[in-house]
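This structure is in structure tokens; I'll ask about it shortly.
As written, the chain order gives the labels A, B, C, D and E, with residue 1 at the start of each chain.
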Amino acid sequence: MWNEIRGLREGVDYGTPPRQGQPVTLTVDGVEVTVPEGSSVMLAAVEAGRAVPKLCATDMLESFGSCRVCLVEVEGRRGFPASCTLMVAPGMEVRTQSERLTQLRKGVMELYLSDFPEAEIADGWSEFHRTLDDIGIKTHGYGTGRVHFDLPVDDSNPYFLFDPAKCIVCSRCVRACEEVQGTFALTIQGRGFDSKVAASQDDPFMQSECVSCGACIQACPSHALVEKSLFSGGYERA
Amino acid sequence: MAESIGTANVEGEVIDLDHLVVMANQIGDFFASYPPERAREGLRNHLRTYWDPRMRTALLEHIDAGGDGLQERVIEAARLLRDRESDKSGYYGPPKA
Amino acid sequence: MPNPRKPEKETITICPYCGVGCGFKAETIGNEIVRMTPWKEGKSNHGHSCVKGRFAYDYYRHPDRVKTPMIRKSIDDPWQEVTWDEAFSYAASELKRVQATYGRGSVGGVSSSRCTNEEIFLTQKFVRAVLGNNNIDNCARICHSPTQFGLTATVGAGAASQHFDSILQADVIMVVGANPTEGHPVFGSMMKRRIREGAKLIVIDPRRTETVDSAHCHADIHLSLLPGTNVAVLNSLAHVIVRENLHKPEFIKARCEWQEFEHWAELVGSDEYAPETVGPIAGLDPEDIRRAARLYASGPNSTVYYGLGVTEHSQGSTGVMCLGNLGLACGMYGREGVGVNPLRGQGNVQGGSCLGSWPHVFSGYRFVTDKATRSSFEAEWGVTLDGEPGLRLPNMFDAALTDHFKGMYIMGEDPVQSDPNQNHIISALKKMECVIVHDIFENETSKYAHVFLPGSSSMEKDGSFTNAERRLGRVRKVVEPLAGYQDWEVTVKLMNAMGYDVHYNHAGEVLDELARLSPAYGGASFELLDRVGSAQWPVNKDAPEGTEVLHMEKFPRANGLGTFMLTGFVPTRERVTEQFPLLLTTGRILSQYNVGTQTRRTANSMWHAEDVLEMSLGDMQTRGLRDGDWVKVTSRFGATQLRVKESVRVNPGVIYTTFHHAESKANAVTSDLSDWATNCPEYKVTAVEVSKVTTDNRPRTDTAQQRPQHEERREPELAEAEG
Amino acid sequence: MKRQMATTRDLDPDLPYDTEAVAGILEHWRDIPGNLMPILHDIQAALGYVPPESVPQIARALNQSRAEVHGVISFYHDFRSAPAGRRILKVCQAESCQAMGSRALTADLEAELGCGLGETTGDGEVTLEPVYCLGLCACSPAVMIGDEPLGRATVAAVTARLAAKGEVNP
Amino acid sequence: MSVTVYVPRDAAALALGADATATAVEAEAKRRGEDVHVVRNGSRGMVWLEPLVEVQTPAGRVAYGPVAPEDVPGLFDAGFLTGGDHGLGHGPTDQMAWLKGQERLTFARVGITDPLALDDYLAHAGYRGLKQALELTPAEIVAQVTESGLRGRGGAAFPTGIKWDTVLKAEAPQKYIACNADEGDSGTFSDRMIMEGDPFALIEGMTIAGRAVGATFGYIYVRSEYPHAIRALRSAIDTAREAGWLGNDIRGSGTSFDIDVRVGAGAYICGEETSMLDSLEGKRGMIRPKPPLPAIEGLFGMPTAVNNVVSLASVPIILDRGAKYYADYGVGRSRGTLPIQLAGNLKTPGLVEKAFGVTLRELIEDYGGGTASGRPPRAVQIGGPLGAYFDESHFDLPLDYEELSENLGIVGHGGIVVFDDTVDMAEQARFAMEFCGIESCGKCTPCRVGSTRGTELIEKIMHGEDKSTNHQQLLGLLDVMENASLCALGGMAHLPVMSALRLFPEDFGLEASHVE
């Protein structure tokens, strides 16, 4: 697969890894695009210049389908499939923008925002923050409720820290540790709302199986896993 | 700049003689797998291509002095070296079939 | 300030550490590097990284950095800070004095694989064109010189046949004397990915490494051979292949010298190399040897990756030849997914090898004895060049002890710590009269130096690296050099001070000169690398953007054919005795890098604050040792002290340690034996005895004293074999 | 039969769990695909819980990471990382039982036992747990004591059953 | 001559004291010197009569129940061994009105045979389906199942034959049958009754499935809450294997198939097929995106037919009696019979197997006998915790897939839970969200975060906090959950909540007009 990645354009995240296969032609928002069979609709949309917002997808990792902001509409199909896990098909007609899609995407982002530190929404520059801008939402209507802000920051590693308050549980770090690094040091602990990224047996990163390769930080879209060097005066929660 | 190339202003072997003998014999060990003539050729080539001339000289002087501790095939190969010392073409490594 | 600072600028460069040569984006705010992120378009790492390249970059601004040149008459004198010009003129006058006194051949130089291609090239140019001899060597001497020798002998090119990505098409991966997950972590990740996809894995290593057994990575066959028996075991694999007719006659007939194959088949096919004979010698079950041979031969795509566990032996070159022989016999050359590939320890070992930093060859592996080659260099450089091979690095030290060798330009190396038989090296250095150390930090060797030229870290200079897959990429200046000059400029100024007139406007001009003089690099230029990112040599008219897989049509030997070397097994003279009943072998771990010059000056020391001695429980019990005890390790050559740790990763009779910390003095005990062909030291086999000491009376560094409590827990996961 | 922790601790003073027992279970399931769930069940059956200290042993045997094993253990409500009371009393909280008064039953049992759902009585006898359907919806409300089901449960019936079966937990 | 007395071993019967009753019968017989042979059968499904003791008489089986241990001497006194009259007597079991009106195809043997006795199974038409199947090609078996109209009885109602066809056509070195026995919906217990009451039917069905799609191995993933089912299955599998009905070269047919029982660990989500596959692989039971379909890339990455217990247990009779026989039952596209489970607040709850088309009113009033409390029924939840609530105005709806979905409901696994008028429907809606939160795998955001926010919003509404705003927010959330969730857990949680809001706004303190 890496041979194909080489063909990818610098700085562009296609959302899902490239595939090899027979060419398949489809339209995305009316733009005709041809991609190899087995490619995701998300990748085709990027090729067509109609990139879909996304959070849990990145072309370094296999598609996962958890964030639900990359939903699209497909002519002749019910519902709103996630473009990252939807494979292209010949003649498929995909719509990436509609009022309904915007409504749903805003709805999903609202849920993220309802468990994200409010003070850190405005001046961030992570992928998560960019996605908020793309979708055009900065607030939520859920009021107060259960949040993950009380979970302690893990700053045991000399180079990076993990702030669960900013974690959006997309599992990109877990998947990067597995797929890219091959160490399997991370997992999601618990389930449902209690789901939390954990190193080994919920150990501090330094005492876990983590080999500190940085793949998880590279993968993290929300600066929940972040280099300490980016904070000149140490890390303090807002 | 060229006036002192290849000459040493210091007396004695450039490298401890025992060590030199060990090194030479190790090369001899490798070529033991080859038939005698190819082994000699290979040994000679190796010494010619890789050894500083001062080391070769020291080896040859040691052989002249009886070659104590050296394998017979090393001694034979080193003699070949002397016979064809003028050969500067630099042939790499293994003996040809 | 909960949200992170946003970097202002990104500079794409190459990691200064191992031979994988990962592409990184150095992100800066002003003149401060705020992070290094792996470059997704980097063709050797594809956006991945390890703890060293990703995080351990802060050494570039460590307070220990030397910012001012220093000189002294005698090593007993204190250092005297001087201007650059004073330093250059002092160094030049001293080198001239030594040459005048002891002869032209009494000085030499050594370059480091941590240096750029341009610096390595300039260093050998300095020695050849300015000092007027061939006493130039580089640190590959002590790691991969046997690769150079053994692969050139069999397949004509002393380099990896494949690109890293090739492993994604391998069905059988044979790892010999290497531990990619620790030594070459980013490649290790790719290898593990392929293993998870179903590739079979054979590991030949005395130690039960991470590669043998870790989460989702499990060797199908692990030949945990006794250190020093590589050649016997590899010949035994060949024995099975030949005897069971598993080789590929069509391939051999088409691509190799058939007659040499027959000679080889006769040698390895003899009963001497039957698994039943070799098994007891190597401590292996003969059936495992057979299984490994059958698996390797079955492919369809089998590939070999090897490391210093092959080369650092008295038969290191022979071991490499064995691998070349096996690859040829089984037709594992000339396509993706196969090949024989050295895993290079340092970022530019391949470049160091390619660029003529050897006493017997110019760049492109052309002999100094060859008049035609010499002429082309003489024409470019405007000098007459010596046509005789010079002294190799160990021989320089040998010659120093006999007063034949008196002055040395040491660029980015620390032989006292990294070279074998430390006492011998120190004695030699003490006898020298002009030792010039050019480095970013003072080190063990600079204690014996007369001139110290402050170096620039790889974050502070322009140039290129050639990684273990022959990939040439750009090192770019990220921040200003702390001491004012980039390293290549220092070498040029030293040449100027010696009276040799040469000038380059920028490092790219050095590469241009190098390209003019080296066929494989013929098409290389900064312009090309800026455009395509990186290119694998040969890069020339026929392959303007480089060559991923070598030997597709023919082998770069005179007749275009691969050949078989006769690789008789000669046991090392270093063997266990009653007095020294244990075999010590050495390697590296993930978080530290070589002698630790860089990594020990970063927070990576939190993972590995000291080297420990791994030992099997049985061996510990018979010596009354418990985990954490201080022990004395004694060999015929010297002794050192380490803390002992019980390990299931080593077999009884074998002990293991890393060599990242100066105070461990691992090389105080290693033997003075070396490879028969290249003098690469036999680091991997030393007969020793271990005994308990009551107190640790070693000098300790601060980091070692601040050993974190959890250190012990991490050790089994991180410790690794391979140098 | 559940083994008592006191005995398993005695076997290996260095580790707070019976490593031999775990090793035996790991060996039993060796090379069987998808064996982690049955292994965890067997360990819990043998030791009463899955000791966190056993996770490295399990991970090593399965060629997995500790993280993976921990992730699995923490996902499933059944697996316990600490010993429970001698008996487990599961009270169904799902709709059918709600329709037949399980909310009141639960509250009454909590009051009777003096512990809430997910807690163990002060004497370590009974751990009270919620369960979402026992498949006994035609005799709601239902509870399960160990493996023994009890339909149309009342506080009186449950406490009587707890008292009658005080000796062992099947 | 020995008299056979049946005392069920079904968990519901055990929950009502069947073990003690069986012991009492044996003890009393011994005391009286009567030659009584007690058989532990499955349950007839009349749970309100459990323990239902049956006596085999020359005229057939006669039923008594519910029989407590203290009733036993009196039964002997009344001559129940010969079918004598007693206050607990119900006459010949077959003639009991509750059973007589049913159409028992899948449950034909349940309650009648000794579930663990292979010869009993064989004597009651057991393995006739497999024998037929062994005569057919895999494609012919698939065709039969397709023609029967059998749809997945686990809730998704996907045509079984089409699924099998996909697996059959997939090329792979190994294929699997994965039986989903993670029956987690409240109000359902038909899978459990099959596994405890007729495990060989499931084994036979899986074996036929294996032959049909080319799978040689099957797993039954049973929830840990069903210890008796697990034991029954393991025993039956061992018996079948010993008798050559499982294992290599089954009965000399050349077909090989074997089964392992795997136990869940308290995760409702593992009833979702992809989550179940992850769990079977020893992982966290996380939802996998589809495609790839499990039929193409399922267990351990191999093509896998995932079917529910009732679906698989219905296969033998289809093969035995023919597709048409089965398809002749039912209405419209809902063919065959559906085991319906009556639960909650009912006087006579239990299992009713009927062709599709029976109305709710028949089920609740006729079979269920009205509420147990005697109070008016107010709400009925159909199809488990993710099913919609209905009020009495819907009682004349026929129970079939299409009719219910038109009325914003689901058949699901066929469970019907009845609530009387004391129910607080706001609390039920709140619980639906809470349950979704408790059982969410946590993968997708609408479910992971949405279920918690939904619970909180309903609580706020219940507490009268910004009712109108929070109600609007809730409606938006339910829309996101319905349309953006990865699987049915989040995707259907709106059903109970929306139906409660629509039908019972007053319980939320909302005006009816608000809700429309």
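In this text, a residue touches a chain if its C-beta (ideal position, glycine included) is under 8 Å from a C-beta of that chain, and two chains touch if they have at least 3 such contacts.
Model, not experiment: these values are computed from the prediction.
Novice: Where the contacts of chain C and chain E overlap, which chains show up?
Specialist: A chain counts here if it touches both chain C and chain E, which gives A, D.
Novice: Treat chain A as missing and name each group of chains that still hangs together through touching.
Specialist: one piece
Novice: Along the graph of touching chains, what's the shortest path length in steps from chain A to chain D?
Specialist: 1
Novice: Which chain is most remote from chain A in terms of Cα centres?
Specialist: Relative to chain A, the chain with the farthest C-alpha centre is B.
Novice: Name whichever of A-C and C-D has more C-beta pairs touching across its two chains.
Specialist: Of the two interfaces, C-D and A-C, more C-beta pairs touch across A-C.
Novice: Would you mind checking which chain's C-alpha centre is most distant from the centre of chain E?
Specialist: Using the mean of the C-alpha atoms as each chain's centre, the farthest one from chain E is B.
Novice: If I average the C-alpha coordinates per chain and also across every protein chain shown, which chain's average lies closest to the global one?
Specialist: A
Novice: Counting in whole Å, what is the centre-to-centre distance of chain A and chain C, each centre being its mean C-alpha position?
Specialist: About 39 Å, centre to centre.
Novice: Per the centroid of Cα atoms for each chain, what is the distance between chain B and chain E, given in Å?
Specialist: Going by mean C-alpha positions, chain B sits 89 Å from chain E.
Novice: Could you put a whole-Å number on the gap between the CA centroids of chain D and chain E?
Specialist: Those two chain centres are 25 Å apart.
Novice: Centroid from C-alpha atoms only, then distance chain B to chain C, rounded to Å. What do you get?
Specialist: 27
Novice: What positions in chain E touch 2 or more of the other chains?
Specialist: Counting only residues that touch two or more other chains, chain E contributes 267, 284, 438-439, 441.
Novice: For chain B, what residues touch not just one other chain but two or more?
Specialist: If we look for residues of chain B contacting two or more partner chains, we find none.
Novice: Got the chain D residues that touch at least 2 other chains?
Specialist: 64-65, 68, 71, 75
Novice: All pairs of touching chains?
Specialist: By the stated definition, chains touch in these pairs: A-C, A-D, A-E, B-C, C-D, D-E.
Novice: For chain C, which residues count as touching chain A in their complex?
Specialist: Residues 1-7, 33-35, 37-38, 40-41, 43, 46-51, 54-55, 58, 165, 168, 181, 185-186, 188-189, 192-193, 196, 215-217, 590-591, 603-604, 606-607, 708, 710, 713-714, 717-718.
Novice: Can you tell me which positions in chain C touch chain D when the two form their complex?
Specialist: It is residues 213-218 of chain C that touch chain D.
Novice: Sort out for me which residues of chain B touch chain C in the complex.
Specialist: Touch list, chain B to chain C: 1-10, 12-16, 19, 23, 26-27, 29-30, 32-34, 46, 48-55, 88-90, 92-94, 97.
Novice: Would you mind writing out the residues of chain E in touch with chain D in their complex?
Specialist: 11-12, 14-16, 47-48, 50, 183-189, 191-192, 224-228, 262-268, 279-285, 299-300, 341-346, 349-351, 372, 381, 385, 415, 417-420, 423, 428, 431, 435, 438-439, 441
Novice: In the complex, go through chain D and note every residue touching chain E.
Specialist: Counting only chain D, the residues touching chain E are 33-38, 40-41, 62, 68, 71-72, 75-79, 90, 94-100, 131-140, 142, 144, 147-152.
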